[in-house]
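First chain A sits with chain B, and in the next complex the same chain sits with chain C.
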Partner chain A sequence: MTAATLNTEGQSPKKIQLNTRYMFLIGLIVVASVGFSIANPNFFSIANIGILLRSISVLFLLSMGMTFIMLTGGIDLSVGSNVAFAGGVGVVVLTSTGIPVLGFAAALIAAMAIGFINGFFIGKLKLSAFMVTLATMALARGLALVIYDADSINVTNTTFLWLGGTSIGNFPIVIPFVALVFAALCVVLYKTAYGRDVYAVGSNINTAFLMGRQADRTVVSVYVLTGLLVGIAAIITVGRVSSGQPWAGLYLEFDAITAVILGGTSLFGGRGKLFGTILGVLLYGIIINGLILTGTNPYLQSLIKGLILLGVVLIDTISQRRSAQ
Partner chain B sequence: MSVKTLAMKTVAATALLATGAMADAHDPLEIVFINDGHVAPYHVAWLTGLEDAIAAYDEAFGGVSGHWLSAEGSLERMIQQVETTINEGPDVMFVNAINTEAFEPLIAQAQEAGIVWVAVHSPMESADYSFTLGDVTNGTNQGLAMCALLPAGSTVGIMLGQAGNPSGEARHEGILNGLSTCEGDIEVVAEQPADWDTVRAQSIAENWLTQFPDLTAISGVTDAYLYPSIAIAQSAGRDIAFFGYDGDVPIMSQMNGGPVMADILLSGTREGWNFVQMAYRIHRGDELEHLYDFFTPLVMTEENHQRALANGFPADVQVYYTDAALEVAEFGYLEFGPDSVQ
Partner chain C sequence: MTNAARLFRENNIIFVTLACCLVFFLISPRFASLDNMSAISRQIVPIGLIALGQFFVVVSGNIDLSMGMASVFFSIVLGVFFGMTGGVAWGIVAVIAGSVAMGVFNGTLVAKLKLPAFIVTLSTLFMATGLSGLIIPRGQQIFLIGPFFRYIGAEKYFGIYASFLFLAALFILAYVVYNHTRIGSYIIAIGNNEENAKLSGINVNAVKIGIFAFSGLCSGLAGIILSARMGFVQPGLDGNGLLMDGIAAIIIGGTLILGGRGTIGGAFWGLIFIGVINNSLNLLNVEDVWHLVFKGVVIIAALAMNWVLWESRQVQTH
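Take a look at the complex of A and B:
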C-alpha cells in the first residue's frame, strides 16, 4: 500500500469507510432501541432481550457464513433450505439410532455436503453462484420434504435439544455459544493465511491466482464452512421447536443476505467484516422485534424494512463514491 | 359512509344501549392473532374482519383491543412473534401455526403467563381451545357436489395446499372421500400442490388447460386458486366448472349463471368476527367446547341444489343459497357481532 492511499492517521480509505458504516449502524441501533423502548417499555425487559437474542442466533450463524461467501464475491441462496434438510437428516438419524452424537454428526455432514456441492460447482466449475445456489435451494428443500414426508418429526432427546432449547432464567445458552463461534471465525478470518485468501479471492480472483493462491479451493472451502454453520443452525432450530420441520429456514437466506449487506459487506467481494455482520443482524433483529412489540401493521412492516435497507444501501453508495473521489 | 360501516355502527350502538352501565364492568380484553400470511384474498378479508370486530366490540363494551401479526410463511418468524407476544401478556392468542408440533413447547409458556391459547384450523390437544373448520367434512361435501353436478365421464383437476399442511391435506382427503361415492363416473386426471399461491395456481391452470383439452372441472382447496383459473378458462373460451373452498365473496358472486358450482362458506370476514366473539365469550367466562367448530355450510344456487338432490346429493348436508351466503360472508357482525353475545 502506498503512502498516498493512507490518511494522516495511517488508516486506509476503505477502513475509514467501514468505520463510518459501523458508527452509523451503531447509531441506528441506539435510535431504534430508544424509539421502540419509548413506544413499549417492555422492549428493554430481560425477557424480551433474551427473546430477541435467541431469535437472531440462527440468523447470526447463517449471516457469518454468508459473510465469508460474500467476501469471495459469491452468494448462497440455499442456506435456508439447507437448515431444513440438515435438520431432517439429523433428526432421522437420531430417531433411528437413538444416539445424539450420530444425529449431530449427520446434520453437520449433510449441511456440509450441500455446501460442498455449491462450492464445487462455483469454485471448480466456475458456474454462477446465484444459479448454482438457486438450484440447491430447491434441491435441499425437496430433499427435506422427502425425508420428512412433508410432516414434522417430534424430538424428545434432551441432549439433541439442549443447545437450542435450554435457557438459564431468561438467558438462552445458545447466545454464548454463538459468541464463541463468532470469536473462532474472527481468528480464522483475521489471523490466518486462509482469511487473507478469502479477502484476496474476493478482491480479484485472477490476481489472487497469479499470486499463487488456490482461489478455487478457497471458494469451495467457504461454502463448506457455511455448510458447517448451517448444520449448527439446524441443530439449534430443532432444539428450539423440539421437532424437525420440513419448512424450517424458509426465507432465511434473504434475511441473512440483508443483514450482511446492512453490515457493510460488499456484494462484489473483498470488503467487509464480521463485526459489521453482527451489527447488521442486531439491527435487523431489533427492527423485527420492535415492530412486533409495537403491534405495527404488517403491511407497514414490509414498507419500513424496505425503506431501512434502501436507506442503508444508499448511504453506503454515497460514502463509497466520496471516498473514491 | 358505506352501507357496511353504517350497519356496523348501528349494531354496535344498539349493543351499547342494551348493555348500558354493564360496559364499565368488563375487564379489558386484549386479543392477538398470529397468522401464517396476510396477502391472500382470504387472509385480507379475515384480518379486516378481525379489525372491524375488535372496533365494534370495543365500541359496544369498551376495553377491547387487539392486533394481528403475519409470519409471512416463515416458521422462525412465527416463533419469534409468539415468544414476543407471550412476553407482552395479552388475554387471548389465536395462532394459526405453520406446524403445530413446533408450537407445543410455547403453549405451556403462554398458559403459565395466563394467556388463553386458541389453535387455529389445526387442532392442538394442549391448546386451551382449537378453532376448527371441519375440513374433511367440508371437503367431502365439495366432492359430493361434484358427483351430483358433473355429468358422468367428467374429468377433474384438484389443486392442493402446501405439502404437509394439515388443513390442506384434510380438505384433499375429504374431496377424495366425496368423489369416491361416484367412482367411475368422474376421473381425477391431475392433482398438483399450488402452495396456497395464486400465481402458482395460474401456471397450473394454464398447463392443465393445455394438457387436458376435455377437462370438465377444477376443484381447489382454497378460493385463491379460482381467481386466476376462472380468468384463464374464460380467456381460453373453455367451459370449465369450478368448485371452491373458502367462501370468498368475489368467487361466490360467480355462482348465479357463472362457472362456480359450489363453495364452502368459511369467509375470512366471518372468521375474523367469530374470533373476536369467541375471545369475548372466553373472557367473560362462558363454557366453550375445547374443539370449537366454525359453522361452514356448503354454498350453491337453489337451482343447482335442486338438481344435485335429484342426482342423489344427500339431503342432510346443510346448504346455504348464494344470496344468504353472500350476506353473511360480507357482514360478519350478522352472526358474530356484539348483539350475538347479549
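Take a look at the complex of A and C:
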C-alpha cells in the first residue's frame, strides 16, 4: 500500500471541502481588495502591490514552516522571537567580520539552532510543543535583547541587504525568491517520501511508527526546517528596514498561526495544504496592509484580527458539521 | 523507588524553590529581609490570579491565552469608569460582570461548538488587545488615586499585604473545591478523557463553561489588582508576559499541560518560585535584557526536570 493510494481513495469528500474553502478564500481576497481600493485609490497602484507583497513575504515564510509543523500536529510559538534572534546574530557577525556570507550563515544557523532545540524536546522527549516553544519564545527574544543590548543596529552592507531591500523598478526581488521557496517546499511536501511522513505523523503518530517510519526524526526535522525559513525571514526583515531590531517579529507567531488556520490547515495535524496557506497569508496580508494604508487605528486592527480568526473558525466548524450530516 | 526519592519526586518544586532561596540569600543577604519578602508577596498577586484561573483550564485539557491581555483590558475598564464617575463601585461591577461574560463566551465556544480553546482564546486575546486601546484615548494614561487603590495596593494586616491574603484565601478555597468536592474530580476526568467523562454522566459543557468563567473572573480580578499597584492604566502594559509567568508557575508546579494532572499546592509553590526568580533578578541587579533569557531557561529546565522525574512520554498535541 502506498501513500498515494491512501490519498485518492479515502479523501475525496475532504478534497471537495478544501476546494470550496479555497474558492471562498479567493472570493474574500477579491472582496477585500475591491473594498480597499474604493477606500483608497492608491491600494491598487503597482508600487503598493510591491510593498504589500514584500511586507507579507516574511509572514509567508513563517507560515510555510508553521504549515509543516501543524501538519505534524505541533505548534511553534517561537518563530517571531526567533526572527529577532537570528537577525541579531547575523547582523553582529556581519558587523564584526564584514563578510556578508558569514552573516547569512550565522543567521541561518542561529535560527536552525532554536528550531533544533524545539524539535529535540518535542520529537525526542515527547514534550508538549506549546510549552517548549513558549519557553524558546522567551529565550530567543531574551537572547535578541542581549545581543542588541536592547538597541537597534544599522546595517549598510549592500550584499546583506540585497534580498530584503532590492527592487527592480517597483518590483521587489524578494517576490520571485519567495515563489521559488514555495515551489521547493511543494516538491518536498508532495513529491517525496519525507512529505508523506509529515502527513502520516500528523494523522496518527503511532500508526506512522508502526509503518516503520522514524516519527520522532520527522518531528525534529519540521522544526529545523521552520528554523531555516525563519533564518531567511530574518535576513529579509533586516534588509527591508536596513537595520537589525531587537523587537522585530513581535507576535508574528500569532499572525502566522492565524494565516495557516485561515488557509484550512487543521490545528490537530494531518490535514491541510501549502496552497491554502498562500491564500490565508494573502487574505490576512491584504486586510492588515489595507487597514494600515487607510490609516486605521492599530488597536482597531488588533480587534479586526480577532474577529477574522474567530469568524473563519466558526464558519469552518459550521460548514463541516453541515457536510457531516 | 525509595521513600526519599518518592518524596523528592512528588515535592520537587518545594525543594527547588527552597534551594534557590538559599542561593539567593547567600549571594545577597538582603533577599531574606522582611521588606523583601513582603515585596515578593505583593508582586506575585496578579501572576497568582492568572495561575489559579489557568490551573483549572489546563487540568481540564484546555488553555486560556487571553488571560494576560484581558487583565490589562479590565484594568483599563476600571480606569475608564473611575475617570467618568470618580468612584470605583461601578467600575468593579463592570469588571466582574465583563470578565465573567468574557469567560462564558470563551467557554461556550469551546464547549458547545467544540472549537479548539487555543484558537478561541487567541482571538479573544487579539480582541482584548484591540479594545484596550480603543476605549482609552490614544496615548493617554488614567491615574488611579484614592482610598480604594491605596487599600488594594498597600494595606497590611499583621504585616502581610491585604492583596496577598486575598490571593491566599482564593488558593485555599480552590484547594477545597479541587480536592474535596465533586467538581475537582469532574475537571480531572474531563482532562483525562472527555468522552469517558461524558459517558459517566458528567455535564461536561457546564463544567467547561464554569472553568472558563472562573479564568475570566481571575483575569478581571488581576486587572483590578494590577491597576491599584501601578497607580495608572494604559494599553501598553505587558499582559502576555503576565500570561507566560502564570502558565510557567503551574507547569513548574507539576501541572500536566495536556490536562488530567496537577495539584493546587504545586501551583502555589510554582508561583512562589516565579516570584522569587523575578524578585532576585532585580535584587541582584541582573540587567533587564537578561530577564527573558533566564525565564526561558528556567521553563525549559523545569520541563526537563519533570521529564526526568516522571519520564512523561505523553503523546504531544500542542
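Here, the second predicted complex is superposed on the first by the 308 of 325 C-alpha atoms of A that agree within 3 Å, B and C clash if a C-alpha of one lies under 4 Å from a C-alpha of the other, contacts with A are read in each partner's own complex, and residues count from 1 in each chain.
Here, contacts are C-beta pairs under 8 Å (C-beta built on N, C-alpha and C of every residue); 3 or more make two chains touch, one makes a residue touch a chain.
Quantities reported herein were computed from a predicted structural model and do not represent experimental measurements.
Enquirer: Following the superposition defined at the top, how do chain B and chain C come out on chain A, clash or fit?
Expert: clash
Enquirer: Return first, second, both or neither, reflecting whether A:Gly74 touches chain B, chain C, both chains, or no partner chain.
Expert: second
Enquirer: With both complexes superposed on chain A, which partner does A:Ala150 reach: first (chain B), second (chain C), both or neither?
Expert: So A:Ala150 meets both chain B and chain C here.
Enquirer: With both complexes superposed on chain A, which partner does A:Gly306 reach: first (chain B), second (chain C), both or neither?
Expert: A:Gly306 sits against chain C, while chain B stays out of touch.
Enquirer: Determine, under the contact definition given at the top, whether A:Pro298 touches first (chain B), second (chain C), both, or neither.
Expert: Touch status of A:Pro298: both partners.
Enquirer: Tell me which partner A:Ile26 touches in the superposition: chain B (first), chain C (second), both or neither.
Expert: neither
Enquirer: Could you look at A:Asn289 and tell me whether it touches chain B, chain C, both or neither (first, second, both, neither)?
Expert: first
Enquirer: With both complexes overlaid on chain A, does A:Ile38 touch chain B (first), chain C (second), both or neither?
Expert: The answer is neither, since A:Ile38 touches no partner chain.
Enquirer: One more residue to check, A:Ala135. First (chain B), second (chain C), both or neither?
Expert: A:Ala135 contacts chain C only, not chain B.
Enquirer: Return the chain, chain B or chain C, that is in touch with more residues of chain A.
Expert: C
Enquirer: Could you look at A:Val187 and tell me whether it touches chain B, chain C, both or neither (first, second, both, neither)?
Expert: neither
Enquirer: Any idea which of 39-47, 291-299 or 309-317 of chain C is the one running into chain B?
Expert: 39-47
Enquirer: Enumerate the residues of chain A that count as touching chain B in its complex and touching chain C in the other.
Expert: On chain A, the residues that contact chain B in one structure and chain C in the other are 145, 149-150, 251, 297-299.
Enquirer: With touch defined as at the start, can you tell me which chain A residues reach chain B in the complex?
Expert: Against chain B, chain A makes touches at 40, 42, 45, 47-48, 51, 54-55, 58-59, 145, 148-152, 154, 165, 237, 240-243, 245-252, 288-289, 292-293, 295, 297-299.
Enquirer: Where on chain B is chain A touching in the complex?
Expert: 38, 67-70, 72-77, 79-81, 83-85, 87-88, 98-99, 101-105, 162-164
Enquirer: Give every residue of chain A touching chain C within the complex, in rising order.
Expert: 73-75, 117, 121-122, 125-132, 134-143, 145-146, 149-150, 205-206, 219, 251, 254, 257-258, 261, 267-268, 297-307, 309-310, 313-314, 317
Enquirer: Under the definition above, what is the set of chain C residues touching chain A in their complex?
Expert: 63, 109, 113-116, 118-120, 122-127, 129-134, 138, 235, 240, 244, 247, 251, 257-258, 288-297, 299-300, 303-304, 307, 312-318
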